[in-house]
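Residue numbering begins at 1 within each chain, and the chains themselves are lettered A, B, C and D in the order written.
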Amino acid sequence: MTIIKHRLFWPSVILVALLVVNMFTANQFITVRDGHLFGVLPDILRGSAPLLLVALGMTLVIATGGIDLSVGAVMAISGAVACLLIKDLGNQNAVGSVLLIMAVAIGASLLLGLWNGTLVAVVGIQPIIATLILMVAGRGVAQLVTDGQIINVQSSPYAAIATGHFLSVPIAFLIAIAAVVLTVLLTRRTALGLLLESVGGSPTASRLAGIRARRITIMVYVVSGGLAGLAGLIYSANIKSADSISAGNLIELDAILAVVIGGTALIGGRFSIAGTVIGAILIQALQVTVVAVGVPSKATLLFKAVIVVALCLSQSTTFRQKVFGRFKSRPAVTAEVPA
Amino acid sequence: MGEPSPVLEMTGIRKVFPGVVALDGVDFRLLPGEIHALMGENGAGKSTLIKVLTGVYDIDGGQITLGGEQVDFTGPLQSQKAGVSTVYQEVNLCTNLTVAENIFIGREPRKFGRIQWGLMRKRAAELLARLDLNIDVSATLDTYSLAIQQMVAIARAVDVSARVLILDEPTSSLDASEVAQLFTIMRRLKDDGVAILFVSHFLDQVYEISDRLTVLRNGQLIGEYKTADLPQVQLVEKMIGKELAVLEDLEDKSQRIRAKTADAAPILAATGLGRTGAISPFDLTIHQGEVVGLAGLLGSGRTELARLLFGADRADSGSLQIDGKDVTLRSPQAAMKRGIAFSSENRRTEGILGELSVRENIILALQASRGWTRPIPRRKQDEIVDKYIKALQIRPADPEREVRNLSGGNQQKVLLARWLITEPRLLIIDEPTRGIDVGAKAEIQKLVAELSDGGMAVLFVSAELEEVLRLSHKIEVLRDRRLVEELENTEGVDADRIMQTIASGATQ
Amino acid sequence: GCGGGDDSSSGSGSDDKIVLGFSQVGAESGWRTANTKSIQDSAKAAGIELKFADAQGKQENQITAIRSFITQKVDVIAFSPVVTSGWDAVLKEAKDAGIPVILTDRSVDSQDTSLYVSFLGSDFVEEGKKAGQWLVDQYKGKTGTVNIVELQGTTGAAPAIDRQKGFADTIASDPNLKVVKSQTGDFTRAQGKTVMETFLQSTPKIDVLYAHNDDMGLGAIEAIEAAGKKPGTDIKIITVDAVKDGMTALSEGKINYIVECSPLLGPQLMDIVKQVKSGGTPEKRILTKETTFTQEQAKTELPNRQY
Amino acid sequence: MTTIDATPATNKTPSPTNPRRRVYLPNTKYIPILATLTLLLIMYFTGVANYENFGQPSVVVNLFRDNAVLIVVAVGMTFVIITGGIDLSVGAVISMTTTLTATLLQAGWPPLVVLPAVLLLGSLLGMGMGAVIHYFKVEPFIATLAGLFLARGIALFINQSSIPIRDKLWKAMSEYRIVLADGVVTKITSVTAVVVVLIAAAVLAWTRFGRNVYAIGGNADSALLMGLPVGRTKIAVYTLSGFCAALGGVLFSINSTSGWALQGQGLELDAIAACVIGGVLLTGGSGYVFGSLLGVMVYGLIQTIITFQGDLNAAWTRIIVGLLLFGFIVLQRVVTRRAR
């Protein structure tokens, strides 16, 4: 009974249902081949890594009551920068240089995050507009970096972050999970999570409680930028090229959706990283399922709409009460009014 | 008995929240033309009863009849239509709208469907004038202090010609003259046959205005009494279930002599500190172990003064010395670093974080001052929180409950706890006893006295003059956003003397 | 320097210089960028002043741009329509203003063909047909069903619809050829790869992949290799476009056949512009010179590819 | 908009009406709008100074015409955002409306049936989303995102390709020219947009519904306790937004005499951005229709400048749009802050 009431129960059920569907449609759900995991499930997990990373940063931003639309553009820039530099390497397979280049790309993404954070926290621009600026201009910058063309690289260490395996698990997924664990530690083992939720709950009250709201706000945008940059690297490593035009296109919407599915409210305050993880994997699983069951492309969106509607209703306590709970004579007016 | 039949009758009301039975088999009735006080400690269930009545909450059991007919309101809209006009406990208005709109929204004067702004403003101004309030009704509500907002809420409720008027702690931040105005209006309505339900933690007010009272304790009905038949002491006993004895030792002023402060260097000294439009430049010194009270009428600038000392607003003139060193407070953190704490009068928007738990709310300020990298270990948190939940009798004593589900008084205690655990050297408390029940209020006063004996300086702001007089070593009197006089709180200083100071200032 | 990099900010009044307003669809792919570049470069070379507007894939932006060209009183307007329908009104405005319009790359379905002077571009249906024809030829006389998966372009985009149609119509002649899965890959490498991964997981046997552009095909190749199969051998691959990366893969044997869709319309367009301006009437329908490539042809052609 | 006059400048002086002050300081709540307007004018004249033909009246007139759809949609969005919500479905509703209109007209339905039918459908979809948001307490973002998928899904399901409209009435509406002055011509679409703005502004400023919208955005819980019809109002604003989007779709179909399932992609973001640039707060409770109109104009003017510049490729177009937006917003911020 208490499990059913849990916020994440229904998203989890839908996720499991989607996985079960894939179990039947797929040749292999999960097997070991050449010493690593192979099959739909690893594919889904690997494929969800960029979205997971972006959604993770988005969760923190949303917890402070903000939003970050620029993640897609940051992904594009980070991938473009990395590929441009790797392409010019004498030996593209030199692990050290590739790692250095990845650090440079992530550094650039952190700076972009800082730019967003500054606009929001210091200049005081509404987050949606502040990050819209970078969303629009950032992709332009990425296109400029790549001259509008796709830049190919032949670097196996670089490709490994997306397609390699470590201890037979896809590295991309490991990176995403490492980021998740790190974020959880960072927010829950320190006081950061509490301060974030406080700033998201009420900036005024937080300020009067002595919280440096501005610093925290800047920080979450920086983190979001960095994670988006990492996601951009994985995205581009996956196709061994920088595609500045489509990298991260519209990913902000999916990321926000993942966060909301995970039970973090857009107005800020309480956030759930576990929820975001489920949300992101769910979205990836949904995308795979659509292809796997052969939904014709003209009906794809309708199919997704049905799932999202189901999800959004399952998120609603009121809906669950009305449908599954005891039937009441009249609708409950549930105003959350403090005494 | 020749009692008229009740306009409102509630029987066997039961309301359960997850983990709490807020009301259990409560009966309540309201006669036409009476003022009926609903009494009980913080968290007794008064506000819940009112919300159940007006349809904000569903009931889990029992019946409500209004004017002889059984009703089942689905929301405030319905109850309002049925003639029940309500002022809920915390000011529930829309601060982004103008004063006039707040008063008239939902029933604006219209012509051909078009709102008549001029007429609306005129009527709003007239209405407020009857409450002795001359403010610009076309300014948005958020430019006014909480007390003004409360008056506006009252004006709104009173203006609706209703059968039943419900006032949940309307006087919590009003000063004496506003209360008097309100009572005049209540009496007039009562004479018109309106039934009034009144909640207050001020026993004097209850005895002054009410005809009968109903006492709740822990969600249960204790009884219904004629006010005249029930002496104060007995009422308190019924409310808290035991005798109240804490206040006595405070009464004796002679004990409140500043032992250590006389020669101590001042903690804080303001010279010509001020902020344009908020408060004129003032001088103020606060010593260790000293309780400084701020007295003044609504909008006299007490809150503004306090905010300057905490860095919540930035001063634009004068200078501030802390421990003899010149400082500029640019932010609350700067003040906190120097041992200053400030609990805002506006607990709902500037104090509590509703979604967070009691524990998180309590440790917030301490945590903020330590920085995010040094979390307070969970065990230590639990220890501190437990201690203060006990000390301040926060109920329910569950540290993991969301604060927004606590009753108003208990939220106030949580805020107080938040600042006490930072062990400040100067504690600024703006209306700390607002909405707090008699027992807890006495506890808080005792606490303030103890803290000051222990060397903490306290800047105490309260609309209740008695309280200020009882606790303060010296009293700063404000008027029209100006500090007009400083009074040593010696024998002979009493409420009248202070009112005189304010009034004489007014004639200048 | 911005984009085209030329300094003449706005028509400085030299009367003899032709001003061409060009509204591009967007920059949705490398192909499109090459197309843009070709037009900008050849305008410069031909001494034509180019007013370039990027519509970011939106019809409303193109309409706006064309109207703005009319306001700016350019000499000729050219554009690659985002969609086929819905141009009558704005084209009529251009006609009223006496400005000739040239369509490039994609056509419009106006019934009144006097609204534009010429259409220069490829025929997407034809491209689909060419791809299908090659497949039909490959499997001529063989028995046993051939399982085809298709990576479509962006759902609703004209090339996606036409390339699918042309292909489907042609392979219908051989009942053995069966499209078992068809899903959009949004014209991108990443989507092409992801969708192909799932195709490989959910389809027991895939013989042929038909991708609506090279990029999706290249993404799919990654997926095929990751699944331990050999692209071009285990699974035959047909794509459209013939961009450099695609041609490289073709010459390496990873792709089997590419139908060209050339982005280098610039020089031809400038010729038509000059012709129109000097009072000539160009042909109503000018097809770009396009061909198809097999693996052998790719090897010889590859060094010449610039985009 | 509203006729409320002088509020004390935020220095909170308790003095009631001081008639003289009005002369010096504009009402504080109009400062954002005035700032936006001023900056917009500066931007316009910079354009005039720099580009040939920019000064022609048709540039301004075309601004309304090219952005008619966005204006109408932004008006609906303004209502939604003022209540503290958001509507992501508008772009998709446009595509659904154009596709449906074109399909039905092609199938020979009488235009006078098609018009109300599609408007009704859009409103119903909006109402449905509003109901889900209110009754089931679903976040507006996710509910309207589902609406987006649904509406575009329906559109794509009906027809993926673009469909020409050959109906006489539509063609006539599309071609009808309204001559404002010599050589300055506008179309039905822009007139419709202006009318919608005026009506919406009046509704927001002068009706009870309008006031409820602000109240809910200020504090929905309080609004409920004040006895305002919160549920009804919320559902109404989403219905209104759905209607506006459908109307936008109709204008679109008139403008282009065609229907296409990918029409209006990303338009929701443009509409939201326009509102926010025009001073509407995403947290709800404040903003004006007129502000949103200015926001659209800013957007449109940036677009116009880019076309007049005429030598920008895709990358530079994006960068310049971003920079202009940035400059505009930061200036707007600085000006508003100063004035307060």
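The definition used in the following text is that contacts are C-beta pairs under 8 Å (C-beta built on N, C-alpha and C of every residue); 3 or more make two chains touch, one makes a residue touch a chain.
In UniProt terms the chains read A, D = Sugar ABC transporter permease; B = Sugar ABC transporter ATP-binding protein.
Keep in mind the model is a prediction, meaning the values are calculated, not measured.
The chains in contact with chain A as well as with chain B are D. For chain A, the chain whose average C-alpha position is most distant is B. With centres taken as mean Cα positions, chain C sits 71 Å from chain B. The mean-CA centres of chain A and chain D are about 30 angstrom from one another, to the nearest whole unit. We define each chain's centre as the mean of its Cα atoms; on that basis chain C and chain D are separated by 34 Å.
Centre-to-centre spacing of chain A and chain C amounts to 33 Å, using the average Cα coordinate of each chain.
Within chain A, contacts with two or more other chains are made by residues 143, 148, 298, 300-301, 331, 333, 335-337. In chain D, the residues that reach two or more other chains under the touch definition are 156, 160, 221, 224-225, 313-317, 320. Residue positions of chain C touching 2 or more other chains, listed in rising order: 27, 33, 36, 155. Applying the touch definition to every pair of chains gives A-B, A-C, A-D, B-D, C-D.
Considering their complex, residues 47-48, 51, 55-58, 72, 74-75, 88-90, 92, 310, 312, 331-333, 336, 342, 344, 348-356, 360, 363-365, 367-376, 404-408, 411, 418 of chain B touch chain A. Here chain A touches chain C in the complex through residues 22, 25-28, 33-34, 39-40, 43, 47, 143, 147-150, 152, 163, 235, 238-241, 243, 245-247, 249, 287-288, 290-298, 300-301, going by the rule given at the top.
Of all the residues in chain A, the ones that touch chain B in their complex are 189-192, 194-195, 197-198, 201-202, 204-212, 216, 269-270, 328, 330-333, 335-339. By the touch rule above, chain C contacts chain D in their complex via residues 2-6, 8-11, 21, 24, 26-27, 33, 36, 40, 50-54, 56-61, 63-65, 67-69, 71-73, 83-90, 92, 109-111, 154-158, 161.
Residues 2-8, 10-17, 29, 206-208, 211-212, 214-215, 217-219, 221-229, 285-286 of chain D touch chain B in their complex.
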